[in-house]
Amino acid sequence: MSDSPGVAGFLRSIITVGRELLSSRGTNPIATATGLTEQCHQLLHHRGEASGLALADEVNKAYLHLDESQQLLFFQSLNQEFAVDPTQVIAAANHYREQPNHDTLIQVTKAVEAPRVRLFRRMNMAPGGTTALVKLRGDLLKILQQHPELKAVDADLKHQFISWFNKGFLELRAIDWNSPALVLERIIKYESVHAINGWDDLRSRLRGDRLCYAFFHPALPNDPLVFVEIALTRGIPTAISPLLDLSRETDPNADFDTVVFYSISNCHPGLAGISFGNFLIKQVVEEISKRHAQAKTYVTLSPVPGFHRWLSETASEHGVDAAQIQAMAKSQGENAPIASRDVALRLCAHYLINEKSGHLAMDPVARFHLGNGARLAGIHWAADLSEKGLKQSAGIMVNYHYDISAIERNHDAYFDRGEIAVTKGINRLLG
Amino acid sequence: MSDSPGVAGFLRSIITVGRELLSSRGTNPIATATGLTEQCHQLLHHRGEASGLALADEVNKAYLHLDESQQLLFFQSLNQEFAVDPTQVIAAANHYREQPNHDTLIQVTKAVEAPRVRLFRRMNMAPGGTTALVKLRGDLLKILQQHPELKAVDADLKHQFISWFNKGFLELRAIDWNSPALVLERIIKYESVHAINGWDDLRSRLRGDRLCYAFFHPALPNDPLVFVEIALTRGIPTAISPLLDLSRETDPNADFDTVVFYSISNCHPGLAGISFGNFLIKQVVEEISKRHAQAKTYVTLSPVPGFHRWLSETASEHGVDAAQIQAMAKSQGENAPIASRDVALRLCAHYLINEKSGHLAMDPVARFHLGNGARLAGIHWAADLSEKGLKQSAGIMVNYHYDISAIERNHDAYFDRGEIAVTKGINRLLG
Amino acid sequence: MSDSPGVAGFLRSIITVGRELLSSRGTNPIATATGLTEQCHQLLHHRGEASGLALADEVNKAYLHLDESQQLLFFQSLNQEFAVDPTQVIAAANHYREQPNHDTLIQVTKAVEAPRVRLFRRMNMAPGGTTALVKLRGDLLKILQQHPELKAVDADLKHQFISWFNKGFLELRAIDWNSPALVLERIIKYESVHAINGWDDLRSRLRGDRLCYAFFHPALPNDPLVFVEIALTRGIPTAISPLLDLSRETDPNADFDTVVFYSISNCHPGLAGISFGNFLIKQVVEEISKRHAQAKTYVTLSPVPGFHRWLSETASEHGVDAAQIQAMAKSQGENAPIASRDVALRLCAHYLINEKSGHLAMDPVARFHLGNGARLAGIHWAADLSEKGLKQSAGIMVNYHYDISAIERNHDAYFDRGEIAVTKGINRLLG
Amino acid sequence: MSDSPGVAGFLRSIITVGRELLSSRGTNPIATATGLTEQCHQLLHHRGEASGLALADEVNKAYLHLDESQQLLFFQSLNQEFAVDPTQVIAAANHYREQPNHDTLIQVTKAVEAPRVRLFRRMNMAPGGTTALVKLRGDLLKILQQHPELKAVDADLKHQFISWFNKGFLELRAIDWNSPALVLERIIKYESVHAINGWDDLRSRLRGDRLCYAFFHPALPNDPLVFVEIALTRGIPTAISPLLDLSRETDPNADFDTVVFYSISNCHPGLAGISFGNFLIKQVVEEISKRHAQAKTYVTLSPVPGFHRWLSETASEHGVDAAQIQAMAKSQGENAPIASRDVALRLCAHYLINEKSGHLAMDPVARFHLGNGARLAGIHWAADLSEKGLKQSAGIMVNYHYDISAIERNHDAYFDRGEIAVTKGINRLLG
């Protein structure tokens, strides 16, 4: 691939030609929402290919230079000026009602596709287009809650992304110390569960009995979509700090039997809702099982990020003080009284299993793993005493067990009947 | 990339697990349209990911085993059983008319998307899915004329392909004697203008002053989408056989000044209408101009594939006998009387410039190059005396000139006003 | 590797600079032994690096343009003009005898290294140098028997090759239909046991249950040193034609248990005596055992290339007519009378086991495999009825069995005591 | 390369087999000089290939576990127990004197090659063998001055390395932020001129207008032999700190005209005396001239590492106080009085041009660049005020100019007549 002449190089130069053509037409790129909107109209109605690519490139670059206030203005333009025309939709629909056939249906289909969809496709043709659009949706999602009227813009982008990021186009790659620094730098930046403190920490997470896998998409070269960090261990781990210890010794001949997914990070906020994590875990299980057949157990060591907030909000019902539990974890750690620990663990199990959002688990990490068909298999006190771990999970961590022979059954039971698969130990804990 | 664990490998094995799950459910893959249709319904409504991928794989494989009569039955099922529901469309449209907002629009959008679109997306997730779907549309197009009612199925596939095969995802690669045999074998097979007679002929077209470039898409690895064959020459060639001569000598120090595109082949009938050729030519011009700056002229040596048929049909109007011209080319070649040759060339120029289909050139090759902004720059007698050359083009070939500084202007004039750019020589010929 | 700027490119251009410097000095490359010898003297005494590389490149190219008679003259020059100076050797040796220390030893070492050794090292620095030198030794070996006085030149080259082609520098590669055509074309050309009849035959030998592995050296990129062709079979094969059958069907799920090495070819006559085959077989056994653990048996299907000649020369002693046996194989094949077949097979076993050259097997293929520690495990009548098979082996083929647990022991017994490992079946045959 | 099955993997497993064979013979690897010496004797006389490789691997590993005192003992064993046998040398020499022919010469050649040479070749066959041997020579060189009797061991290793590291086997690679972290980590570690302070510093040296190139050898994958760091600048730089400034801005459109080699590092002490730097610079000049044709000037910005010591030792002759000059550079930098600066610069020019070691420049960096044919083109006050820069060079740095049209001439004048090429400016400085 490296010796291919490269579409990007070519495009850059067609763009140069195109830009000269454009400038002779008097266009003038300005990084304001107004200027950008004007360029978008031109791009949408443009016909010449060379100058069209140049325009697309200018649009993408101009977008990347907008500040937040201009972004909002631009999104509002996308929402209003590049929207579906209700008159056309209604006219086409009327036509269809009178004569429901292929041609009238196509008219409806065209009428309900907002012009911005075609704009997005054109932006995507220029090199770096996909990157710009993923960034654009990430920016949009940040302000969507304050500006719910923009959800139509988001829906159009998401719909296009679902098509472009079809699972059939993903590439799994092992990440290790042989990977390009460019990729590793992004792994450091994107890690969202247990922050990576620089290159030494990264190296420690890639050496010896540690693995890392990521999905890539051809339109985002060297920029991972999602990745998972893995420890090979003897027995199921009950706390995070031994896994992250920089000074741990690695015995290459160690007889590990367990594969631990201890961190899964989505890299691009702009790809929210286009799920890769589930697919990644299953593919990695497959990969590892081929190389390390002796490892029979696949589990996570996961936070319970909604636990502390839920406990704070519902503490009165349960007769406990959330802040006190948190403080006990912090100050006493593993030495906290067994009885107090058990109260906390039981409440956490209750939270994970019984507290729902709709008919699915309320906790986002639980929702992800249970939705994948994993089984709740362990709840551990004082397992993550970092600031974040205490604040979100009151220091508790849990194991979700991926038992390949059971995931499809668990998955069905969870979605059909809201049933959550748990081990006997968890059941005993709940009493 | 080669050391990446490979999505395909993984999928194959998830599919194995999935297949076991499926078989315990009693499904039974049969390569008949009826069985396949049933599987498609299952795939569409399936939820489990592992068994879903297994199902997708079975659907793809089963499709590839259908014979032509079963294909037709299957396409008819796709057309009828996986179609839009007019009642839903009308209901959603009514709803929208009453309350035209984002949510009601989304309902219309969903209603006008046929269930088969989602089916195609699911089929694409399995390894080889894109290949199967491209094959499927190729098969469909073959029978579409006899079965115009299937055009809705084609429209849905084409719409999806336009998104998946966005230009931003294409990769340009030089094809040479270092390319994998797997790729070269396909070049031999796909060549559609001047057939490649085995490996020796191919090698001759890749050595010395010959080049070849192709576009690839990541979902069709090692399977080109479109490719162009190129000769570097001194002066503009006026006949094809010297270019294809296996025994020609190549002088590595030859002082060529001209780049000749003498063959452009689309590889997959199933991608008809998703145009890559224009983009390929422009990218290749760019590539070559970087490496061979001394070559200033970029031209084609092209057939006129519709000429002989048109001449036969209109011969009485022009007072000539088409068969006689063809026979003269065959028997006398370059020795035909100048006056007779000039008649033929003038008619050919007339055909290319004045005969239109709509407001565009009637001849398909002319339509392609003129639409790209090229200029008609030469018409040559006895330029291709092969059976095919005589039958389609009465032995005539033409040059289209790609003058980068003029292509945008030519393109606009052609599409805006139907004007065809020609050189003075051609104008003189027309008188 | 492909995107590295490339030593070769650089060298070519340093050579351009160097050549200009040279030409201003009045050197003039001529492809005669005399001219080349003169250039060699210059190269040997040259100091400037740029012009030195240019000179080396000219020497290499000039060598490649010598015809056979000029080659001989050139080898004679190498032998005489670039030889050790006996006076110097004797002087240095005298010096050493008087004062045997490091410095006087170094003087002897230098005196016994012929100047041509340094010449070869300088030739090797230019791009393509290794290729030219391997070719040179190949040419030299062809005429060595007629010109035994040249053996000193050969000894120097061989000594240098042993160092350059150290096993630690070899790279094993799988050869398949994804390999560059450039490599595959050479596989066709180099195959020396069962000729490959063009690309279709090659493809047949690479598909389905067939494998091919080769060793490469970094200084001969894309040019294999040695390769082995392999069939995966059920049971040990007793004849070659079913293995080479183009129309055989391959069942990807076939339950093979045997790995058959049916052809091993050394690619470069110039590397004779620098053995890679043994190492290749052992590495391939290792490779395959990782991927196909169910295959427990590793055998060859090999010719007995010296059998027919030996039989012709010794027929009177054995009371058989060699030509008659050969004719019977040709005309009756497997239908020859059992008794006659048994006579032939018994003689062949006798030839393989008892006929020695020194204390090693006389037959070259037997010598190779027995020297690797393999065991003679089968002798088959009418196993190769090709012209070559009849002419060399009277149609007989044999299996050598590579039993990893026994090869070291067999190897020792063979070299220590001339013992040849055979199966009981072979012993029974011998009576 | 990455998808090749890998010699290393294979060897590791042959070694496993071999080790079992060995252990049944009762050998027992111990990381002492005595144990290792014993293993070396075994390896030298061993015949079985599998167990031979296992032995070689054990020897290599055992060597890497020796501490410094054991290393010395081991080197002494290599020197004594694996040395040439004078009796044999003298006998062979006598034989040759009586009958000077090829066979008797071969006997001398064999007699003067110490057994340890064959030992080294055998060690090199195991994976990692080259790495171990390069390390071994590095260790040896460290103690050679105290133990000059070991020079024979060094001479044998160096002679072998000259053959293995023939320039024809080197590969030039661009080093950038896309390179494997494994390689970049080594660049950080090996940099020997201006230390790289971690990953941020490295990244700064690879971005924008900075380049880095390295030579690799196939037997040391991902381990560079030598590398050069380069800045593209406008005008010739006169101080190092602007080049190393992490916060400098890079203008991708900057109109640079000069290529500055500001750091060249040899990576392996064990390869001392096997020169790659000269070849690297010339190849890099070639590479860059193809990509950045507008850059016409190629210069270094180099330390004068022997200047301060020389000045200290000879200060009385020159009537200056070396420590005072150093202190002035440190405290006043560019603000030092012009007259004082000129005294220092003139002395430095004198040191570089007139102080010789033999007939070559005394300063090691000067010796390298002048030997390559470069011209002394600038001497700058207060150019490197780092601790090392002050200590070695009194803060002075110089430019050596690589003028391709003059390097061959300069090179010859330097080696033939000890003439040092300087610019007029330098001559004026000297008065």
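First chain written, first letter: the chains are A, B, C and D, and each begins at residue 1.
Just so it is clear, contacts are C-beta pairs under 8 Å (C-beta built on N, C-alpha and C of every residue); 3 or more make two chains touch, one makes a residue touch a chain.
Values in this document were obtained by computation on a predicted structure and should not be read as measured data.
Number of steps on the shortest path from chain B to chain C, with steps defined by chain touch: 1. Chain centre most remote from that of chain C: A (centre = mean of CA atoms).
Chain B and chain D, compared by their mean Cα positions, are separated by 56 Å. Averaging Cα coordinates per chain places chain A and chain D 47 Å apart. One inter-chain figure worth recording: chain C and chain D are separated by 36 Å, centre to centre, where each centre is the mean of the chain's CA atoms. The residues of chain C that reach two or more other chains are 3, listed in rising order.
On chain A, the positions that touch chain B within their shared complex are 1, 3-7, 9-11, 13-14, 17, 21, 47-51, 84, 86, 89-90, 93-94, 96-97, 100, 102, 105-106, 108-109, 112-113, 121, 124-127, 129-130, 151-152, 155, 160, 162-164, 166-174, 213, 218-219, 278-279, 282-283, 286-287, 404, 407-408, 411-412, 415.
The residues of chain B lying in touch with chain C in their complex are 177-182, 184-185, 198-199, 203, 222.
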